[in-house]
Structure formats: structure tokens, C-alpha cells
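Here subunit A shows up in two complexes: once beside subunit B, once beside subunit C.
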Partner chain A sequence: MDIEPDMTRAMKTFNRVPRYGTAVGRIMMHEATMLNWQRIERLIESRFEDCITVLIDTEYGPFLEGATVAAEVEAGLMAFLKSQYELLDAICAGTFVPDFMHLKYDFHNIKVFLKLSRGESGAEPMLSGLGSLDTERLASAVEGEGGTLGPYWEGLIRDLKEESDAIDGPGAVDTVADRVFLEKRLAIAGKEKSRLLVDFSRAAIDVANLKTLLRGRVLGKPPEYFADALAAGGRLDRSELVGLAGDPPDRFSARLLATRYGGMLEEVLHSEDRQVRLTSLDRDSDEFLLEKLAGMRRMALGPERIVMYMLKRENEVTLLRVVLMGKLHGVSAPVIERRLSSTYTRGGVQV
Partner chain B sequence: MVGAVAQAAQGAAQASTWGGLTGFQWAIFGAAVAFIGGGMGSAIGITYVSNVASGILVEDPDKFGSLLPLLAIPGTQGIYGLITAILVTIFFDLAKLTGLNGLLVFFSCLPVAFVCLVSAIYQGLTAASASAMVARRTEELGKAMVLPALVETYAVFSLILTIYLFTRIPK
Partner chain C sequence: MAGRLPVNPNRMELLRLRRRLTIARRGHKLLKDKFDELMKRFQKAVAESLALREEVERSLAEAYELFALARSETSEAELDEALSFPEANAELRAGKANVVSVVVPELELGERGRFDSYGLALTPSLLDESLAMYDRVLPEMVRLAASERAVKILADEIERTRRRVNALEYVLIPQLEETIRFITMKLDEFERANLTRLMKIKEMVSE
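Let's look at the complex of A and B:
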């Protein structure tokens, strides 16, 4: 990955303000309405009805008003997130930002249809409404009908299908699609030459690769699985990681601890034996990626700020979902708080 | 030898032209450059902060009053350029200015021209970032103003230096 010369970077800052300035201004206003941690704690302590009353005064109000059951809460939160994506599409039209953000959901939907085409059941209700691709056209493209989504997506879906068909087992589509998603997202960030987004995407690849590696070892996956599942483009060399998969435990731990992610992996690797505490790995890796996001504040007037806002909103919705669903199901406040702190990071909200 | 050099220097100082331009032409050139630098910088700086402010105003038009000082602050460099240009005509008898003195006037105008050009652009960027504070809480305007005001300091210094240099040039 090329490092931009300082002068080019400085000039880009000047060019970006006219391009993203208005969008950043609008995002600044929406950032101001995000829930802070004190408010989340207040929600945790409240009854479900009181939570909804508190949320009525926020941006969630129109979406959660009158919600009394889990399905309504879920629909409300998803509608809110959809409204945020519609805002993003409107204010960043013609830029790479919507592509960067929608990609995750487009890949999710592609996975759903690919699984359906392989006869893996139960995929239909899991479609996401946050993708940029029309789901009916997507379904047609997965069925092999050309001319629906354009050559880029059709070629990509064809490649995904071929690669996943070449792998046996129920997780084949996830294995291949998750890898390709990370690589494509890095390519989008690289095309825009956003250093911080490239760094973020590379860190996301590393984190995903490390999780895959650790989980794969616990599940006793064969070496060829890692060659299919690990994404290229991260700071940790993919071929070295594939090679690590077959190493004896001591050497495996020592080599991972020597990487830049050693601090994040310490707890997991030391608690090995070989019960890897993957929940804490998920939390630590999310925390790590959100720390990366915090660096995006430095680019106060560029697309990074918009991406940071969207990712933080998604995290906020996740936090709210845990709280509200917990309340609906009669989970006590300490348990909800413990679940939040053990599984989700506070980085998504203003602390 | 030394005497010859001194005589040549005195001759050059008293010559009506320097480098092919008269003192009047050099001075006017300096005045124009000072205003061009300050004016261009201000125009660019205001554009930056306006871009962000317009986004904020789309969401909340009531913040216009709070954002106005942030929008206006990169405009001061253009005023400094204008002041410099006018001072050139007030300080000096342009018709009688020698070529060398005209050149000195031109160089004296350069601090304002360059410092105001650059500081106005960066002030625009700083004000645009600081407008996030106003977006969150209108009452933070005071703090938000401090950040771009710090950038302003150097534009003020450049104007002070230019005026001081004017006072050192023989009229």
C-alpha cells in the first residue's frame, strides 16, 4: 500500500472540504444527538416502558413510539438504521462512502441467496434492508440470470459461487464471502486513498484473520481451510498466517504474541488450553477497531468522519437492542450491564 | 574601492527605477500583492467553513446566528490586505518614491500577502472543525471561536510587521 507524500495529503485535505464539507456539517448535527453512556445506563436501570419514554425525546422517537413487543422494537431499530443509511446516500451521493458502508449488507444478502441456492434453509428472513443492491435483482443474479446487476456484481457473484462450490460443508459461503468482503472493502478505501480508512480496513482484515485462525484451530480445521478463509491485504502476511495454522501451540502463541496484536491476544492465548475465550476476543477486537476509528476524528472534515459516525450509530443500535430486548424479556439490570460490558464496547457511544 | 561601491549604492538608491520598474510601480505592485494574498486566502477560508456551516444549517437553521462569527473570522485577512494596500498610498508619496524605496515597499507588503493567504485558509479549516462544537451546543461558541482566533494571531503579526517596515522606509 503506497504511503502518500505529505504534500499530496495536505492538498487532499483542501480538496475534500468542498466535497464533503456539507455532509460533515450535517453529520456533526446528528453526532450531537447520539446517546451518551449515562443515558444508556439510565435505560439499563429503567423499565421497558420508561426506556421507550426516554427514547421518544431522541432521534429514535419516531421509530420506537408505541413499541411493546420484540418484533416492533427490532423493526423500529432497523427502520432507524435504514433512515441513517438513506441520509448517508443523500449527503454523500457520488462519493465512495455509500459503497464503503453498504458493502457489508450487500455481501450479507449475497450470502443469503448463495446459501439458498445451495439448499441451505432458513435464509430468506435474514435479508438485510441496508444493502444498496435490489434483492430481487440480486436473487436473479445468483440464479445466473445476466443483465440484472451489471458486470461487476455479476462477475463477483459468479466467482463467489464457484469458490464456495469448490469447498465442502455448510460454512463454505460464509468462509469465502467474508474474505472477499474484507478484500473488496480495502480496495474501495485504497481507491479513495484514504489513509485512515485503509488502515481501518487492514486492521479489520487482521482481526478477522486472527479470529478465523483461532476458531479454526479450536475446531481442528485442515490447513486448506485457512487458505480459503484468510483474507489478503492485512498488515499480517496472509501466507505466514496460513503457515502458522499448523504450528504447535507454544510456537503458535509465541508468534502471535510477537505481532502488533499481541496485547489484544494475550488474554485469549494465555487462557488457551485450549479453551479459547472467543467472547472476550470478539469484545477486545471490537474495542481495538473502535480505537482505530477514534483516529478518524483527526480527519475532521473528510469522509472518515462520516464513516466513523455510521459505524458508531450501528454500535449504538446494537447496544439499544441488547438493552430493550433484555427489558422485554425480564432480564435484570446487572445482567444486561454485564452482557453489554462483556460483549459490546462502549466505543460506539459518547462516553 | 569602498568609496566607489558606496557611490554606486547611493546612485541606485536615488535612481527613479529599479529592475525596470519605477518606485510608484513597485509600491502599487506590493499593494496589489498584499490584497491578492489576503483576499484569496479569505475567500478560500470562508468557502471551507461555509461548506460545513451549510450542512449544519440544513439540520438546524436556528444556529445561523451562532455560526456567523465562525463564518466571518477567515474574512479578516482580506481586510488586512486591503488595509495594507490603502496604507501604501497613505504612507508614501508615490510620485516621488525612488526605485529602491518602491522595491522596499513591495517587500514590506509580502508578510501580509503570504501570511494572510495561508492563515486564512487554515483558519477556514479550523473554524470548520470548531463548528462541530456549536453544532453540539450553541453556548460553546466562545470556546469554538478561540481556536480559529489563535490562527488569526499570525495574520495580525504580519500586519504589524508590514506597518512597522513601512515606517522604516524613507518617504
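Let's look at the complex of A and C:
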């Protein structure tokens, strides 16, 4: 454990007051408006029209009012998320937090343009409006035109391109870009020296690696795929995970259960029911990361509180999408409930 | 009522009609046999097609529900991006098969490449299962398409054959029989009239 000297810690806290004081205050105000489990339960039990009525009284009201089809729900939720990111950009300007949060969407847009450079069809519907990079400049940078996004992004795009070109198959861009995104996010957290964010980013890498490993084995991916897809920087050693990919099922399960994530994977590895396995992997990994976020609540002042709020909001938007889309597609209430993290349902941990 | 064909009652016509009647009876028998065989094949094809449709609909409903859930766990843009430029592509080969002289289509699906050409780290796990299910159900859907088309073609052929059998059985053969009977009667009548005329002439000559 690298405990910082008291003086450094005191200086850090002092520095954080002017940088994050106002932002955390505003974030705490928004935190109070998040959906609680009683409201989520009510949504799960309601029909789609009633869900919209319930949501009218929340922050989602202006964005979802009058939504009747999946496209309107999606547009409303994305508009809400965009408003949250605009708030983030406004209150955290000049800090690393927007970079940390936008990174996922910038990588998404990079993936779109990299794939387009390999194929055809239009990019517009696939682009995310939540990225921080200008999409026209991004397109130019992917085309190889220098001087548009600055050396950091241009170098990163060049590396991504070279690495994905070296791998065969159309999935190469996703494989490489997802891995690099997780590693870069950890690097940003490390640069800011935020232990909680570093912990969270490392846990996210582990969870993503485990998901890739478990899903890749089921899908019969070749061993070399795991070497390209698994990210470095997590608590679990990457090379060990790559080695696990070829292990027989019994040994594979035993070795995974012996890791710090054994509890999270128990149901996934042992359940005979395919539906349970599928549901568990995503839900349990989401819950694990949400529990990681819970630790950030202790930080009264600092970027962690803001990141926690944004990640929880993103999670809440996903949850609402699961409920509303489920209702629109006629999915039964118990099936929807199974998909949701227990954090949001009765008896769950309130983050 | 079958009615009678508008023909001249003479011996040539009678011979021609008898030949036609023989051919019509033979044709009727052949068509009836074809009809029976078609019905047998049709019933079998319908039963297979129904079972296949039930299976396909059940699989599709399950895949659709899984996909809807997977779809709801990620944004539309992210899912579109993940599923853009797939590696897998399908090639449909169409052929023909002969069922009781009826040509029905034969479809064969040739697939190349993997369907899972997306990142596994950040996409929902349900996507794998829903796409695997779609992948499994696709050849069945092609089989169903061929089977249902064959059922439709067989049904049309049965309808056509049934009309032909009925036309022969209830119209042409009775008409031919009626006309033959009419010509026979007419010829007999001519024969009788001729005989009477000859007897009268003989009587007049002997006086």
C-alpha cells in the first residue's frame, strides 16, 4: 500500500476545494433526484404508459414525455445523458474528469471511423453524441490527416489502426479499441493519483477481461484472440488469464473461483441453467462495479464523487432502458427484474 | 347434366369418340392416381411444414426476446457499431426437386465466417446467445421457406389436378358416353329405317 505523506494529502485536499467544491455541491443536489428502488419496483410492475407517467415527475420527464416507441425512448434517454454530460463539462471544466468520462464515447466514435475506413456505409447513425472529440476532425485523423486532433489522439489512432490491421477479421477494431480504452482510462486515473478511481478502473479491466474470457471460451475463440483482447493493468495478471483460456473446464473454473472475483463468478460458473448464467455474468459484474463505486461516496470532496454520480447515472439510464424497452417488447416483469442489478431492487445495497 | 357434343352422328365420328373415351378414361385414372399421390405428399409436407414453423417461431421468439434484452442494455449507437461490418455472410443456393412431376424449390444455405465479430469486453453477454440463436434458426428459416413454397405449389397442383379429374369424371366422359349413345341410337335408327325402306321396296317389287 502506498500511503501518501500527511502533508501531501492535506495539500491535495486544499487544492481540491476550489477545483471540485462547487461541482460536488451541484452533483449532490442532482444525486438527490436519482431514482430509488421503490420507484424502480413501481416501474417494473407498471405498463409502458404508466412507466412514462411515473417518470414525468422525475428529471427524465422532459426527455421522455410523449414517448411511445423504442426510438423515442432511446432518443429521450440519450438526450438526458447528453444533458448530464453538458453539466459535467460545465462544472468540471479544466479538470481531468470530463476526459475520464468522455473517453468511452470518444473510443466509440474512433471505432466507428476505423471500421468505416475498412468498409463502407454511413457513419452518422452509429456515432455517439457524448464524445468530446469533434467527429469531423476525428474522421480526418482516422484518414491520416495530421494536425487535426493533436499528437496524443493522432498517435493513439495511428497505433489503434496499425494494431487492428495486424489482426485478421472485422472484429479486430473492437477487440483492440476496447482493450486500449480500458488501459487509457486507467492511465488517466493513475495520472490524477486518485486511488479510488484507479481501483475502479482496475476492477473494470478485470471485469471486462473476465467477461471476454468467459464469453470467448463459450464462443470458441482461438487462444491468440485472448492475447489481443485482454487488457493489462487489472488486479488479475493478464498473462495468467491468457494462459487460462486453453485450460479444461474444471481447471478453468477452479482457478477463476480462487481469484478475488470468485464470489462474483460462482453462479456464472456453476449454474446449469443457461439463462441464469447469461443473466448472472452481466448483472453480477455490474453489481461488483457499483459496489466499487460505493466507496467513492466517502470522498466528501474530489473528482471521485463526480465520477461516481456520472457512472451511477449511466447505470440508471441503462436500467430505465431495460425496463422501458422490455415493456415495449412485451418482456415479462420477472424477466426484466432478473436483468436488473439488485442494487436497484428490493433488498439490494443502496449505493 | 352432361349434355351431348355437337357432332354429326356417323360411324366415323362414333369411332373417333370411342377412341377419345378410352383415352379420357385412361387419363382420368392416371390423374386420379396422381391426385391421390399428391394428396399423400401434400399432407406429409403440410405436417412437416407446420412442425417446422412452430419450431422456427418458438426459436425466433426466444432469440427476439434475448436480443431485445441485449439491445436494451446498451445504447443504439453502441449496438449498431458493434454489429456493423459482420464477418459472417450467407449464400443461398436455389435448386429444383421433382415431386410427382411437380417442380418444387430446394434451398440450401451456405454460411461463411463467424457471427461474433464484435468486442466481448463492453457488449452485453446476452448478445452472444441471441445471435447464436439467430444463427441456429437461419438454416431452419430457409428450410421453412422452401417447405412452405413447396406446400403452396403442391396445393396449386392438387387444385389443378382435382379440376381436371372432375372435368373428366363429371363432364367429358359423361358427354362422350352420351354422345356415343346418341350416335349409336341414331345409327341404329338409320339402320332400322334403311331396313324398313328395303323391305318396302322388296314388297313393291314383288307386287
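The definition used in the following text is that the second predicted complex is superposed on the first by the 302 of 351 C-alpha atoms of A that agree within 3 Å, B and C clash if a C-alpha of one lies under 4 Å from a C-alpha of the other, contacts with A are read in each partner's own complex, and residues count from 1 in each chain.
Here is the rule we go by: a residue touches a chain if its C-beta (ideal position, glycine included) is under 8 Å from a C-beta of that chain, and two chains touch if they have at least 3 such contacts.
Owing to the predicted nature of the structure, the values given are computational and were not obtained by experimental measurement.
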Combined model on subunit A: subunit C and subunit B, fit or clash: fit
Subunit B versus subunit C as contact partner of A:Arg215, first or second or both or neither: second
First, second, both or neither for A:Ala300, with subunit B first and subunit C second: first
Partner chain in contact with A:Val112 - subunit B first, subunit C second, else both or neither: second
Partner chain(s) touched by A:Leu87 [first = subunit B, second = subunit C, both, neither]: neither
First, second, both or neither for A:Ala32, with subunit B first and subunit C second: first
Arrangement angle, subunit B at one end, subunit C at the other, subunit A at the vertex (C-alpha, nearest 10°): 160
Superposition-derived comparison: subunit B or subunit C, residues of subunit A touched: C
Touched partner set for A:Ala141, first subunit B, second subunit C, both or neither: neither
Touching partner for A:Met101 - first (subunit B), second (subunit C), both, neither: neither
Contacts of A:Leu311 with subunit B and subunit C, given as first, second, both or neither: neither
Partner chain(s) touched by A:Ala23 [first = subunit B, second = subunit C, both, neither]: first
Superposition-derived minimum Cα distance between subunit C and subunit B (Å): 29
Common ground on subunit A, meaning residues reached by subunit C in one complex and by subunit B in the other: none
Contacting residues of subunit C [partner subunit A, same complex]: 64-66, 68-69, 71-78, 80-82, 84-87, 114, 116-122, 124-126, 128-129, 132
Subunit C contact footprint on subunit A (complex, rising order): 74, 77-78, 108, 111-112, 115, 118-119, 121, 125-128, 169-171, 174-175, 177-179, 181-182, 208-209, 211-212, 214-216, 218-219, 221, 229, 231, 274, 278-279, 281-282, 318, 321-322, 324-326, 329, 331, 335, 339
Of subunit B, residues touching subunit A in the complex: 44, 47-48, 50-60, 121, 124-125, 128-129, 131-132, 135-137
Subunit B partner contacts - residues on subunit A that touch it in the complex: 13-14, 17-18, 21-32, 91, 300-301
